[in-house]
């Protein structure tokens, strides 16, 4: 019965599909990514590949908000529309366990990528499960959460003086979270329509969690033990409570209406003269040094996520590795492309075009670090990044964290301790449900 | 031209019965009027002949052929309706051409033009040919509808109250025109109406329909003068026939419970009219007359002046009686008068069944 | 004249004259639509009904296990879901009532002797011609406390439309009202113009004042078509997703469709989301049914 | 035939006119704002107070149609001089046009998606209204067993939240090869609009006196001919009104377009918001895309406006 | 006690003048029928009196007070519409109660009034029904009830029974008349049906193209029509109108119709009464009952041929060909057996009217 139905539908489909033009080209690769500048840079990069080999590579994009949905619907339907995907780091668990990604361990080992790429990027973009030695992606677009700030405000002698008088130390790029908080408080002047700091608060995907992670990691905290899924006592640890409180305090120095902000809003905080400092992914910083899009481009500076009270300094990881999709009909061709992609020359070119390479060598090169005002901060950050859970059920964990943390940060509900305790319980239950822990 | 026969037709819509055991015979070239109140089943009968409705039971014959399986298009009948038979988007000419252009009997263009022009001439609507139908007056519209029917030269003309949306003057004028037309064409007409004047004045034959049954078929004269039952008696004629309960006693009509008597003898008496049998006496208003020495006294309840004559409503006890009197008669409301009847014109009905005694036999 | 030429029918042309039977035509006209709707609407529904009894995850290659009513049980016991439903109900009521008031109000104004009525009506329809997603995008900007035009025009300073948990749902509803009041207006106009003029004349003769006429004549007679507008808008409001999702992310605005979306496309709990979808569907069906019953009652009057 | 107008009545009318004008202005303000933003230079897009007087620019449209990326180094004067006028506009905006491996200018996704929208919306509207008209006629003129239930069933298919059907639909489309095809979307939108179309058209059909067709039947036409010659022209107003609604729905649909299509068949609604993607939104480009995208529906509706208003008032009331 | 007066009323629809200088005085308790074809301005006149239509000139006075600037609601006039205008969503009871509720009467009072009106109209058992469940006649009764319940100064009726079946019309006609006698309120009734007008009116007002043609009792308009229009509009079957040539013949006059070979004999007085009115400008009008038909030849009777016989039950209408003219005669039922029969006819001079052909005005000749 089902078969008949299927073949019948197939028949209808075939007839209907005839009306649609079918693309046919000998060698063509399609890479799927989100709609943003790095995708444009990647397109420029792969244009070189086409020039070299004649294989046309297309970078297909979709809005960020739908990227994950779209990718996974395609995977789940075992679709061959894309050959490779530049997928978010958290996907790796879900995608590898479900068999959507081709196992790249051999490739990885053959090219010794563990050494070639910055270690943190290998750990979070490529390997799953943690420390298993199995690799599913090539780190492609390195990214992490950093900060931009208003140099002109910071360097204003009057401000410097006032700051010193109030806090007893010089106004400068914050050297720790305490300084970050003080500066935010210092510049927070609602009657002047000038505010302290812009942070991530959007809870529809991972924005808020990234922001909170920045605090947690630098405060010396962890989300849990990725090896054995233990969360109780880790996610709700003392440091984490402090970190969450600190983040909440930062929220009180944000511009009005800051309850659904992500990279656009945070960049706007700088361009629209709203905030003294703004948290954002490095990937979105190019827009801030472009005078056409940022009137304050010349007065915008950048710094890495500052250390916490104990001197720990970490940042939340963004960025994506590139993976080959199991249902692609051009896997061989895709592997060839990857071999080209990991070449040092290519990575250099990639960085020049605006991509954030994960290649350790390129990152360490002074050319790279001096190329832009934020590359140095990026380089520093990329060696101390940490990431969210990458298990297949990460989305549930993420939503649970949003559900608990968001009302606390933006709506003043409960205490940090209560929130994190409940979160620990939620996560525990989820891990139980998927038999990660007994 | 065609001869139409309906045999034992019944029609039900859901649990509503529209027609029961209907038999009808319409002769070739006859102007047949189906008369009945709203909801009597007239339109259903007509639609059945047109092929727009299928009988639940029974057969329809056109020229002796059972047309049960024929569609409306094949029956070659023409239909004129009270409204909506003209297409609002078309001009008069396009409307008239429409019936000549179906695939099954598409005529040559010259012939179409010829027929349309001829029909337009016949109906005196030549000056309207290029007008859109929504810019016609009621009378003009109805002429065009008739035109649409005659261009076809169909076997049968079916007309469903074509005149009832028009005002009185126009109705009167078109009545004669239609009758004339039918005489000219010599075609079979089936005309449906609720207006007894139309039925009387136009029909060669009239069929009176009541609650889905044919009550009486006959010439207008028969229907008027010898109604088959009290229903027909009261339905046909304006004002309607007076119907008074009573019985015969020694050659006199004794109205009970009203307690007045009128002489009754002579021609109207039939075999069933035995003394004492409960009867209904029917007398047309024009056969009731006022006379100073007449046997019964009444009061004038109402006077309707129709110009040529007056219609009086007389009150005897609780009963009302209509009398048509010459226009010159001078009466006031509530004035006492005396009246009599023409005993020869009295029609007797059985009290129980309402059937005319002459028909019952 | 009695010898007029008859167009007799060729017996062979009889079948041509008849064409297709009414039954054939009826089937030809109706069945394709029904089949089409079954294949493309009901078939997927049955598919999801099946999934709703399993722990199927579309993101996982693991086979689906039959879990019976577990999904339904868990969902109906989940306080988060119930709060989602409560939010949805609040949203539907605010937005539909708002649309009816604004839409019907404008229709009442337009139903008077207004110059350029046709043009104004068409212009008023413009908001509903925009894509929801784009509307969300622009309205987020309009609502912005720092550089939004709404606060500037109304002189509200930096009023937080979307970040204030108590305001956000209303802000979303206001946008929805802006976008869809024209729809209600159009239907109301239709209803108003269909009220026979002579009834108003009769009421005037009967010495009814304008308020009395409005409440006793206009409103009851427009009620059926207004109900239709309400049915359509309720169905749509119940399904609201894009607008709320793009405008805010307050827990107080998490309508059921957003929850459903997250469950289905972020958590990939396919089986459970199918169950939730069914609960939603049954609710919409129930509400619509009540409406339709009520509508028929209104029409009977 | 105006009823007797008193002075209060007249001043009420004036009040109504003023009210309508104010409401129209409020309703149109956001649209005016979008339209004007489409012609603004980027730095004036989000100013407070809003910029009302400005030199209209065409650069938003140039950007809308090209694939661009951030300039990392300013173009050399030679490069700038050699560039065509429109590319200079892009340079001025601090961006460059992305070129393919062969140096060809790359179009943005907008033109092709706009075309897709046209193809999908027009075809599905024709299908939905066409089938809807036939089906409505069938329901209106013939006895259908369980008519009320069927009509309710038809309506109920519009009640499904798109998310409900998205997954099974997607899987089904994958099997039959309909995903990312025009036909895939056309079928979806047709199915979606069909219920509305049947419902609305049934109202119109009921209003057309069946005597018209019966007259044609008696005149020797088949029912099919009668339907096409008489009923369809009479239903024109209803068809126009229905078409406007179906077109608006299909033109703006977002969720299915997003999930079911990729590059080949994707329509514009998912594309326009995606322009926000690059760190800082260029509102002028989004406004330009929105403005252009609004034009076809607005024109379509404007052309059919008389039908729409008249149509709604005679068909809908009876349903 | 209500008098209504129209003084020089003018009304335009755009450029078309639909009421031209209308003057009319209606007495208390009078039953006035406005009679005319559709589009003659009669309904507009009625609506102007009701306050549903503004006028462009003149005055409308009710009890001597000008009311043309008052709203309908303030004129205290009730109206019955042709379409009945029952409120479809209200029961019969609510419909009748509506005018009372609109003016905030007490509940008990309303109930009493409604029930009493319903009793008068014999619709007490229908009170709970919706208008859609009523027959045409009952709807009309309810509409009248709604008008009566207020005890208005005047009742206006716009073709109130025009939409009913022929039989029902006859019944309702009588009912309306009885009701008027009983209630005795000033009534203005609009119709295009001359039978209704004849049988209902105290006075008939005949209008044509916005101009008042004649005002008079039914008798007057029937037997002394002021012009050709009235002559042909009133009376069924229609009055015969023919071109007539009058010639002197011995002491009498000969009137030739339709160019026939011989004329009808008329008293010589005709000539003087015509007062030299040019013969070629004359139109003769004779009602069918004024055409006298015999089977045998007789003095003064001309031989004619019957063309069509229309049996109407109590009498027949026969079309007779006189010269090129068709004259319709009223005969006893069955008097002429069918078309083609040759009979003899003459015109009754006493019932003959003469009109000026150009103006249509009656010459007032009475013989």
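Going in written order, the chains are labelled A, B, C, D and E, and every chain counts its residues from 1.
To be clear about the criterion, contacts are C-beta pairs under 8 Å (C-beta built on N, C-alpha and C of every residue); 3 or more make two chains touch, one makes a residue touch a chain.
These numbers come from a predicted model, not from an experiment.
**Student:** Which pair wins on C-beta contacts, C-D or C-E?
**Tutor:** By number of C-beta pairs in contact, C-D is the larger.
**Student:** Using only alpha carbons, which chain's centroid is the nearest to the whole structure's centroid?
**Tutor:** Looking at where each chain's C-alpha mean falls, the closest to the middle is C.
**Student:** Please compute the C-alpha centroid of subunit A, do the same for subunit D, then give the distance between them in whole Å.
**Tutor:** Roughly 35 Å separates the two chain centres.
**Student:** Take the average of all CA coordinates in subunit A, do the same for subunit B, and state the distance between these two points in whole angstrom.
**Tutor:** The answer is 90 Å.
**Student:** Can you give the whole-Å distance between the Cα centres of subunit B and subunit D?
**Tutor:** That pair's centroid distance is 58 Å.
**Student:** What are the residue numbers in subunit B that touch two or more other chains?
**Tutor:** In subunit B, residues 71, 73, 76, 102-105, 152 touch at least two other chains, as defined above.
**Student:** Among the residues of subunit E, which ones contact at least 2 other chains?
**Tutor:** Expected reply: 47, 51-52, 71-72.
**Student:** Pull out every residue in subunit A that's touching 2 or more other chains.
**Tutor:** In subunit A, 9, 65, 69, 73, 76, 272 touch at least two other chains.
**Student:** Going by the contact rule set out above, which residues of subunit D touch subunit C in the complex?
**Tutor:** Its residues touching subunit C are 1-3, 12-13, 16-17, 19-21, 23-24, 27-28, 30-31, 33-34, 46-50, 131-132, 134-135, 137-139, 141-142, 144, 150, 152-169, 171-172, 187-188, 190-191, 194-195, 198, 220, 222-225, 227, 248, 251-252, 254-255, 268-270, 272-273, 276, 283, 286-287, 290, 293-294, 297-298, 301-302, 305-306, 308-309, 312-314, 316-317, 319.
**Student:** How about subunit C: which of its residues touch subunit A in the complex?
**Tutor:** By the definition above, subunit C touches subunit A via 39, 58-61, 80, 143-147, 158-163, 165, 245-246, 248-251, 262, 265-269.
**Student:** Enumerate the contact residues on subunit A facing subunit C in the complex.
**Tutor:** So the residues of subunit A touching subunit C come out as 9, 65, 68-69, 72-73, 75-76, 94, 97-99, 190, 193, 202-205, 255-260, 272, 274, 392-393, 395-396, 398-399, 403, 406-407, 410-411.
**Student:** Which bits of subunit B are touching subunit D when the two form their complex?
**Tutor:** These residues of subunit B touch subunit D: 47, 50-52, 71-73, 75-79, 81, 83-85, 87-89, 98-99, 102-105, 148, 152, 158.
**Student:** Mind listing the subunit E positions that touch subunit B in their complex?
**Tutor:** For subunit E paired with subunit B, touching residues are 37-38, 165-167, 170, 173-174, 177-178, 181, 192-195, 198-199, 218-219, 222-223, 233-238, 287-289, 308, 310-315, 317, 319, 330, 333-334.
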